[in-house]
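Order as written gives the chain letters A, B, C, D and E; numbering starts at 1 within each chain.
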Amino acid sequence: MSEGKEKEMIKVEKLNKSFGDLHVLKDIDLKVNESDVVVLIGASGSGKSTLLRCLNFLEIKNSGKIVIEGDQIEQETHDLNKVRERVGMVFQHFNLFPHKTVLGNIIEAPTQVKGISKEQAIKEGKLLLDKVGLGDKYNVYPSTLSGGQKQRVAIARALAMKPDVMLFDEPTSALDPELVGEVLSTMKELADDGMTMVVVTHEMGFAREVGDWVVYMHDGKIVESGIPIDLFDNPRKERTKEFLGSIL
Amino acid sequence: GTDSSDGGTDNSDSADSGSEFNLIEDGKLTFAASGEFKPFSYMEGGEMVGYDIAVAEAIAEKLGLEAVQQKAKFSGIVTGVKQGRYDIAVASHTITDKRLKQVNFSEPYYYSGPVIYTRPDSDIQSADNLKDKEISVSRGSTYVDMASKYTDNIPQVDSDVVALQSLAKGHHDAVITDSITGQTAIDNGLEIENRGQLGVSEQAVAVAKENEKLLDAVNEALNELKESGKLAELAREWVGVDITQKPEELK
Amino acid sequence: MSGIKHFFDVFINSFDVFVEGFKITIYLSVASLLIAFIIGLFFAILKISNVKILQWIADAYIWLVRGTPLIVQIFVLYYGLTEIILLDKFWAGVAGLAFHSGAYIAEIIRGAIQSIDKGQTEAGRSLGMTSGLTMRRIILPQAFRRAVPSLGNQFIIGIKDSSLVSFIGMQELFGVASTQGSNNFDYLPFYLTVAVYYLIIVLVLTVLVNMLEKKMAQSD
Amino acid sequence: MSGIKHFFDVFINSFDVFVEGFKITIYLSVASLLIAFIIGLFFAILKISNVKILQWIADAYIWLVRGTPLIVQIFVLYYGLTEIILLDKFWAGVAGLAFHSGAYIAEIIRGAIQSIDKGQTEAGRSLGMTSGLTMRRIILPQAFRRAVPSLGNQFIIGIKDSSLVSFIGMQELFGVASTQGSNNFDYLPFYLTVAVYYLIIVLVLTVLVNMLEKKMAQSD
Amino acid sequence: MSEGKEKEMIKVEKLNKSFGDLHVLKDIDLKVNESDVVVLIGASGSGKSTLLRCLNFLEIKNSGKIVIEGDQIEQETHDLNKVRERVGMVFQHFNLFPHKTVLGNIIEAPTQVKGISKEQAIKEGKLLLDKVGLGDKYNVYPSTLSGGQKQRVAIARALAMKPDVMLFDEPTSALDPELVGEVLSTMKELADDGMTMVVVTHEMGFAREVGDWVVYMHDGKIVESGIPIDLFDNPRKERTKEFLGSIL
């Protein structure tokens, strides 16, 4: 998360989130500049998904500030549906719509939410499918795709809304090992195109190569963050060392 | 009531025939019958036919109205007239005090009487043998009260024919129903026998209490039909005998 | 033996009147099931809404329907509605059947909606779709597919249940059988005949539902 | 308002006659459901037998019952059985209801039996138990526990279905309501009253089934 | 399978078994002497379970001879239920009767099949439970037991019928690793008491220590058999070497 005069896409301040008695996010501060790729790592249950979901307002924070492209977003003052259009999300389990074809999945939100014409949406959708390497699959149903193909369709579906930020929640952990590569390389291309991305992943190779900033979470708090080379090779905190030791 | 029409529309209302009767549908006389009481009412090709129906249609004609038939379970017909579901009922209702509390009745349009029916092999020979026997009757009919003089065991069903049919099939000990319906069943091959008439009954048209004008009109129509011999003709056509004359006992 | 011949005679000779009753059975069933479907959808959505009072309303409705016999429901509507609106017997019958099936259909649809993976809703919402749009475009189409076998079953029950409307005077299939039995002072062959008509309807509907299921399975 | 007071008057004044009807409803339901249970068990076992012809017999029975309305079944049995055996209307009603519920119970029991892990049968057989003994001592007890919720549901349906026996002249709850309504030329309050009785029966049965389920869950 | 004048408990000759078109056992020959512990090993699908199940007549052979204690058993001439009383079986998934207590499980067959009095069966059952180390658990339901305890109850249940041979089909492979030991030691005690046993297992330590004879199956055939030390340390066949290499 390099400092400077770059445009701040996301700013989070003192974010807190509880589920009932369970305090899941504790005073989280985070900044994501335009075109940055921020990688979130941490043990299971540390709150990575919850943080991502708060950024997309699938979960509503209890307190703190979330600023997206300069707008401080509050449930009371903003139409969250409109905000979600600007923040794309890719899920671990793809969550493609099984009753629609690949192209149907992609044009659904542009036509229904943005009111783009069907022809236009199809044209743009096909271009996106080409981009993720699935130009020939537009007319099939998701059930006929491999996991890696499904996830690439899910990425294209999110991109079809032309979001300013993309959130990825463990996009490769439901995939057979041999299919991980195709998804990661799609994500890398996206990063190279300048997309702002927040990625929860256990793929340390990707974090190192593509990440601009790595954030290590533990027990609902950000323990340490830094550029990949620093955090991975010279972690300052004991907990970070332990965690890296356990997964590498 | 007839006071509902206001001055402004009075003329046009009275021009429209029948409007003074406060009918369910203007120009139409909606009447109920059970459709399961041969030969008085029964189904033929989706329509009810029979003596009751013919009488209802003749009355409607006299009143200058179009007859509209409504098939209904017998036990619900009086209530239906009371509630305004039907203008009149021409459904072989026997005039009883109980029913008179609910609706008005016209002059009788035929006379008949309840009869005890049994299977041929039954040892019930007359009303004297009915004590504590199982006597099936049509629900809501006057036969319920009649049977309850002899027994508590009175299965009530929705049509007299269901009761007769059950009897013939071996259920129950006896059925009380109208003599003409019973005779028609026998003519149709049901193996049952008449074991004695329990009295004489007068069958009449039921009209809602509020609708006295309609009652008067129905009575007037029935009188005309009787005097012209039309009613007797209808009886002979549908029932085979003239049942429109008051029997001796009632005179 | 003569009984069987008699049955066949009745079956053949009564064809015309039964066809009339058959039509009314179909009208009744189609009208009541369409309305029941809308009622069911409505109460299913109340039940999955997060508003307690709406859930209670749906629970009360379902409890009332499941707790009382259909014939009571039909009679209460037929005699009770007269205070509010005087329905003729066709529409009173339709109302009674729809009121009844609606509760069962509500439970089927609710179950189907709740069986759809939560990820589907989240995917829809994350694309900026409103909750209503997500329900309409994403959840319900999937839920309906999943509900096809149960709905088909419920529709078959609904058709059979329509026989009870004969007791408020409708001349649908069963009503025709009753009046024919009464006309002829001989019920059994007419009831056997009407049983054959119902068996045929149920058979045809079963085949249709199976075909629909297969067709829908193709895109999954 | 006066309508509500009238309903309460009817409800209170008719208590005695409805209690008589209530008893008959209970006798009818208990007798028919016990017999239905035996019929259901019998046909369930036919269906899981490996003998094709027995399976066909079970299929045919279930198909007949599911393909025709209960009211048709009751009337056919009522008039048709007289050729074979003359049942009084109570037992004719019981026969009709049991014949009907039996098919649904057969399907419930078959499903429950087939849901029991095959390992249970193998364990029984490997201990030298015959297939009959294994079925009786090992499979059926487990299947019945599993079937309790569905059976409870079917029993509730059976109680409500018993209302149709009024049409062959039984003065059970619904028959009482009809007769009273007709005697008093005023149906609605009596049908509402009978609805309350059914709601109470169904409520009590629901609670009992839930208790049974909980009790059985303890040993699992 | 040491040769000699010892009593032959099981003799199998040219046993064949197919499921439809699938030929699962091909000309199997096997001898098990009294008090022997024979261990069956082999890859998944090689037919080990099927062989065991044929010995207990849960599967009916297509051809060949199965001789139990001198009786050649044929479906036509023998009451298989009676034969099964003499051959106990322990399954991978325990298959305890969940609706009966531990003691109920154990006395079920003795009382129902052998007609032993309930008192007698309870007395013997409690002794057996003591033997498998579960004397205090007689009155609980299986659902409250750990996997290892369940399997020991299953062993006691089979022993309650006083079988002459015990068959074990992967008795420990459904267990958490820390629970395997208790079941194996129960089995070892049983072997030490002189029980004749046929055991399908992947526990090579047990096979080595307790087994008298090891049989390696592949693709429905017995490839090689011998005393453990020979078979494990000096396999003669290439396939056996490969298999041992893959699992050790």
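Remarks
Everything below uses one rule, namely that a residue touches a chain if its C-beta (ideal position, glycine included) is under 8 Å from a C-beta of that chain, and two chains touch if they have at least 3 such contacts.
Chain-to-protein mapping (UniProt): A, E = Polar amino acid ABC transporter ATP-binding protein; C, D = Cystine transporter permease.
Predicted, not measured: the structure shown is a model, and the values here were computed from it.
Shared contact partners of chain A and chain D (Cystine transporter permease), listed by label: C.
The minimal number of chain-to-chain contact steps leading from chain B to chain D (Cystine transporter permease) is 1. Of all chains, the one whose CA centroid is most distant from that of chain A is B.
Between the CA-based centres of chain B and chain C (Cystine transporter permease) the separation comes to 35 Å, rounded to the whole angstrom. Centroid to centroid, with C-alpha atoms defining each point, chain A and chain E lie 53 Å apart. Here the spacing of chain C (Cystine transporter permease) and chain E, counted between their Cα centres, is 56 Å. Separation between the centroids of chain A and chain C (Cystine transporter permease), computed from CA atoms only, is 46 Å. Annotation for chain C (Cystine transporter permease): residues 79, 167, 187 touch two or more other chains. Residues of chain B in contact with at least two other chains: 76, 79, 158, 165. Counting only residues that touch two or more partner chains, chain A has none. The full set of touching chain pairs reads A-C, B-C, B-D, C-D, D-E. Those residues of chain C (Cystine transporter permease) that touch chain B in the complex are listed here as 16-17, 20, 79, 82, 86, 89, 167-169, 171, 176, 178-187.
Interface residues of chain D (Cystine transporter permease) facing chain C (Cystine transporter permease) in the complex, by the touch rule stated above, are 3, 63-64, 66-73, 75-76, 79-80, 83, 156, 160-161, 163-164, 167, 174, 177-178, 181, 187-188, 191-192, 194-195, 198-199, 202-203. Here chain A touches chain C (Cystine transporter permease) in the complex through residues 56, 58, 81-82, 84-85, 87-89, 91, 93, 95-99, 108-109, 112-114, 141, 143, 154, 157-158, 161, going by the rule given at the top. Within the complex formed with chain E, the chain D (Cystine transporter permease) residues making contact are 117, 119-120, 122-130, 133, 137-138, 141-142, 145, 219-220. Against chain D (Cystine transporter permease), in their complex, chain B makes its touches with residues 75-76, 78-79, 82, 98-99, 101-102, 136, 139-140, 144, 155-158, 163, 165-166, 169-171.
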